[in-house]
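So the structure is just underneath, and the comments pick up after that.
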Amino acid sequence: MIALDGVSCVIGGRRIVDRVSLTVADGEFCALVGPSGSGKSTTLKTINRLVPISDGVIRIDGADIVAANVEALRRSIGYVIQSIGLFPHWTVADNIATVPRLLGWPEDRRRHRVAELLTLLRLDPAAAEKYPHQLSGGQQQRVGVARALAADPAILLMDEPFGALDPITRTALQTELAAIHRRLGKTILFVTHDIDEALRLADRIAILDAGRLVQVGTPEELLANPASDFVREFVGDPELRRLALKIARRNAE
Amino acid sequence: MNARRNRVIPVLIAVFALGGVVGPFLNQAPNRLVSGTPIAIWQALDRPILFLIVAFAGLLIAVSRIGATPNLHRAMLVLATVLFLLLLYGAGKGATFFMGGAALAARVSLGWGFWLMVLCAAFAIVDAAQRMNLPPRMRLLLAGAFLVYLVAMAMNGTFDQLSLTRELAIRRGAFLAELARHGELVVGAIVPALLIGVPLGLWATRRPRVRPVLFGTLNVLQTIPSVALFGLLIGPLSALAVAVPAVGALGIHGIGMAPALVALVLYALLPIVRNSAAGIEAADPAIIEAARGMGFSPRQILWHAQLPLGLPVFLAGLRIVLVQTIGLAVIAALIGGGGLGSFIFQGIGQNAIDLVLLGAIPVTLLALAADFVLQLAVATVEQRSRR
Amino acid sequence: MMRAMLKRLLLALLLVWAAPAQALVVGSKIDTEGALLGNMILVLLRHHGIAATGKLQLGPTEIVRRALIAGEIDLYPEYTGNGAFFFHQEGDPAWRDPVAGYQRVKALDRAKNDLVWLTPAPANNTWAIAVRGDMKLTTLPAFARYVDGGGTVRLAASAEFVNSPGGLPSFEKTYGFALTRRQLLTLAGGNTAATIRAAAEHISGVNAAMAYGTDGALTVLGLVALKDDKGAQIVYRPAPVVRGAVMKAHPELATILDPAFAGLTLQRLQSLNAKISVEGLDARAVAAEYLRSEGLLAK
C-alpha cells in the first residue's frame, strides 16, 4: 500500500505539488490525471525519491520511504517512462535483466525470467538478442515494461508510458497492460493526461490541478459526480465516455 | 540505383597526367647540394611500366564513368592501389638505373611530378575506399596488405638508390633513435594529459560553474603559438632546476625533453578535457533517468551507461589530440628535445630537402597511422553502442 | 604493497638516472660542423677509454650553451668569437684578433661560469664573402677595387648579414667599397647553403655569396672565400668548452683533444665539411677517418 500524506514539493520557489494526500491499496490500478503542469509526474517521482519532498510523509506498507536506502527502494519499484530509456549498447535480454543483475541473480534465473517476460509482453523470443534500435517504438516500450517487471516488484510507477506511441500501438499496449494487471495483481500508479486512457485502465482515478488533488474516485463516480466545474470539463461528456468505457470493458473480456 | 557521376576521379587523373607530362619525375644531381637536372617520366621508366601506368589511369577514369555499384568501386580501389605501387616501383627502378655508374656523391631524388602523381593516386585510393563503406576489420586488413607489399618492395632493394633512402642509410642509427624519441615525446605527453584531463572533464560535468573558467583558461593556452610556448617555458624551468637541485638531478632542465613535454601536455589538455566532458554528456538523458529510477548508484550510471556511450565521442577527441601531438612534437627539436624534428631543422639549415623529408615523411605517416587506427577504434566502438 | 612497489620503482628510476651520470655527455650544435666536431670529440674520448655519450645536434647556440651551464651536457665545441656576444663586448677590437679573442673568452668563462676553454683550431669560421671562381678574385681589397671599378656584382646574403653592423657594413667600412640595393639579394634566414648555391648556379645574376669560412660547399661548387687580412670580422675559432668540475675529474681531456683541434686548418675543415654536406657521408665516419689520418687513433 502506498500512502501519501500531505506531500508537497517546492521547486525553485514554486509549489509543484500542493499537500497531496492519497492512498493506493495493494493491487489497485490508480491513474494520476491532469492537464500539463498539474504536478502529476512530480507526484509520481516523489514515490521513488527521484524528486525530494518538501513537506509531508510517504509510506509504503507503513514504512517511511525516507528511512530506507534510496537505491534499494528504487530497485524494489518498477519504473517506466515515456522516452523509454533502454540502454542502446545492451541487448534486449540484458536490458530486461537490468535490475535482476543489480540484485545479483544467477544467470540461469535471469535467462528464465527474460523468457517469461518476453512471452508476457508478447514479444518474439528471438528479440532477446536484438538491440533496441532494431525494434519499433511499441516493441521498445514493451521491453521497457518487461524491464520494470523483471525483479517482480510489488509496485509499478508509469509516467505517461504510451504517450509517444501511435494510437493503434497505444491501444494495443493499454489492453495488454490491463491484462497484465489483472493477471499479476501489481499495484500500479499510472500518470497520464489522457482521460480516456485513465477511464479505460484505472480502478481509481486521482485528478490533479495545479499541484492540488481535486478529486479521487472510480471512473463511474467521476463521470456521475464530478466534484467541480474543472473536473466536469476535464472528464468531458459523460454519455460519450460511458459508452466508450462499456465498449472497452467488453473488449477486454 | 541512381549512379552518381564520380567527378573526383577524372579531376584526379587530369592532375595526375599534368604531373606526369609537365613535372620532372626524378631529379639527378652530381652532389647533395646542387640542383639537379630534371628527368621526365618517359625517360625514367621502362616502356612496359609506363604503358601499365597509362593504361591503369585510363581504366580508372573509364570505370568511374560507368557507374557506382559496389563491384565497380572495388575495381577502382584495386586500380588506384596498383597505380600507386607502380609509381613507387618505377621511381625506385629509375633511380637505380640513373645511379648506375654515377659517382658516390651523385643523388637521384624524387621530382615534383612524382609527388603530384603519387598524391593523386593516394586520393583516388581514399575516394574508392570511402565509397565502399568498408567495415573496420576489412579496412584494417586492406591497409595491412598494402603495408606488407610496400615493405616487401623496400626489402627487395627497390628504393635503395633514391636520394631519400641514401640519406636514411647514412644515419640509420640516429634515425631510429630520433624515431624512438619522437614516440617517447608523444606518449610522454598524452599519458599525463589523459591522467589530468579526463578527471578535469568529469569534474566539469559535475560542477557547471567551473566550466567557463576551465575552458577559458585552456582556450587561452591553446592559442599561444607553439614555438612561443616552448620558448616561454625555458626560463621558468631553468630557474626551477637551479633553485631546486633535486629537480635538476631528475633530468628536468630548461631545455630538452622537459619543456617540450610540458608544452605538449598543455596543448593536449583542451581537446581531452572538452571531449571527456562531451563524452559523459553524450548519453541520452532518458537513459540516465531510467537508470536512476531503476536504482543505479551514480557510479554505476557512470560505469554502465555514461562511459560506454561516451566512448565514441571521447575517442574522436583522442584521435585529434594524437594527430596534433605527433605534429607538434616536431618543434621539440628546436629546444634540444630531439625527435623527428631534428632532421627537419638540420635539413633546413643545410639546405638539404632530403633531410627535411627524412623527418617530415615519417611524421606524416605516423599521424596518418594514428588517425587510421583511432578511426577504426571509433567505428568499432560505435558499432557496439548503436547510437 | 603499493607503497613498497612505488619505493622500488623510485629507486630503480634514480639508479637509471644516476648511472649514465658516470659517462661524459658530449653536445654539439645542430649544423654540419657541429656534427663533425661533436663526433670527433666522442670518437676520441671513447678511443681513450673514457665513457662518453652524445647529445649531438642539440640545437642552436643558445640552447647548447644553456645545456652546458645547466650541466645537462659536459662539453661541446664552441667558437671563440661567440664570447663577444656571451659577454656583450661586440664592439671590442680584441675579438677580431685570433689570439686575443681566445684569451679573453677563456679568462671570462673561467671566472664567471667555471668553464674551461681548451686549445682552439687554427681555422676561422667567420662570416665571409665568397665569389665565383671565374671572377679571379681572392682577397677583399681586390674585390673592393673590382666593385668600385664598376664590375658586375650581386651578393646573396641574409638580412642579418646585410644590416648588422658586424656584418656587411663592417666589410664595407674596412675595405672601402659599397654595394647598392640592386647589387644585393637578401634572403630571410642565415642559410649559407642557399646563398652558396645561388652564386654557384648564377641564379638571378648572383655571383657572390655570404658564406662561413669553413663551409664545405665552397670549393666543391667553385667558389672562393675572400681573405679578410684587415680583420673586419670577429674571429671564430672552434674549441672544446668543458665544465670546470668535469675538467678536474678528467685533466687528460686537454692532451686528448688538443692535437685533433690543432690539425683543423681552414682548408682541412672545409674539405671535411664538404664530405658531409655535399657528398652526404656519415659525420662520424668522416670524423673517424680524419682522426685516423692524423694518427690519433693509433693504438
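Lettered A, B and C in written order, each chain numbered from 1.
Basically, a residue touches a chain if its C-beta (ideal position, glycine included) is under 8 Å from a C-beta of that chain, and two chains touch if they have at least 3 such contacts.
Just so it is clear, the model here is predicted, and its values are computed rather than measured.
Chain-to-chain contact here is organised linearly: an open path runs through the chains from one end to the other. Here the chain at the heart of the structure, going by C-alpha means, is B.
Each of A-B and B-C has its own count of C-beta contacts, and the greater count is at B-C. Chain A and chain C have centres, each the mean of its CA atoms, that are 85 Å apart.
Inter-chain centre distance (chain A to chain B, centres taken as mean C-alpha positions): 54 Å.
If you average the CA atoms of chain B and of chain C, the two centres end up 35 Å from each other.
Shared interface positions of chain B, i.e. residues touching 2 or more other chains, are not present. By the touch criterion stated above, chain B contacts chain C in their complex at residues 31-35, 104-105, 107, 166-167, 170-171, 234, 238, 241-242, 248-251, 253-256, 333-336, 342, 345-346, 348-352. Within the complex formed with chain B, the chain C residues making contact are 17, 30-32, 55, 57-60, 63-64, 66-67, 70-72, 189, 191, 193-194, 196-197, 200-201, 217, 220-221, 277-282. Only residues 284, 286-297, 300, 304-305, 308-309, 384-387 of chain B touch chain A when the two sit together in their complex. The part of chain A that touches chain B in the complex is made up of residues 48, 50, 71-76, 79, 81, 83-89, 98-99, 102, 131-133, 144, 147, 157.
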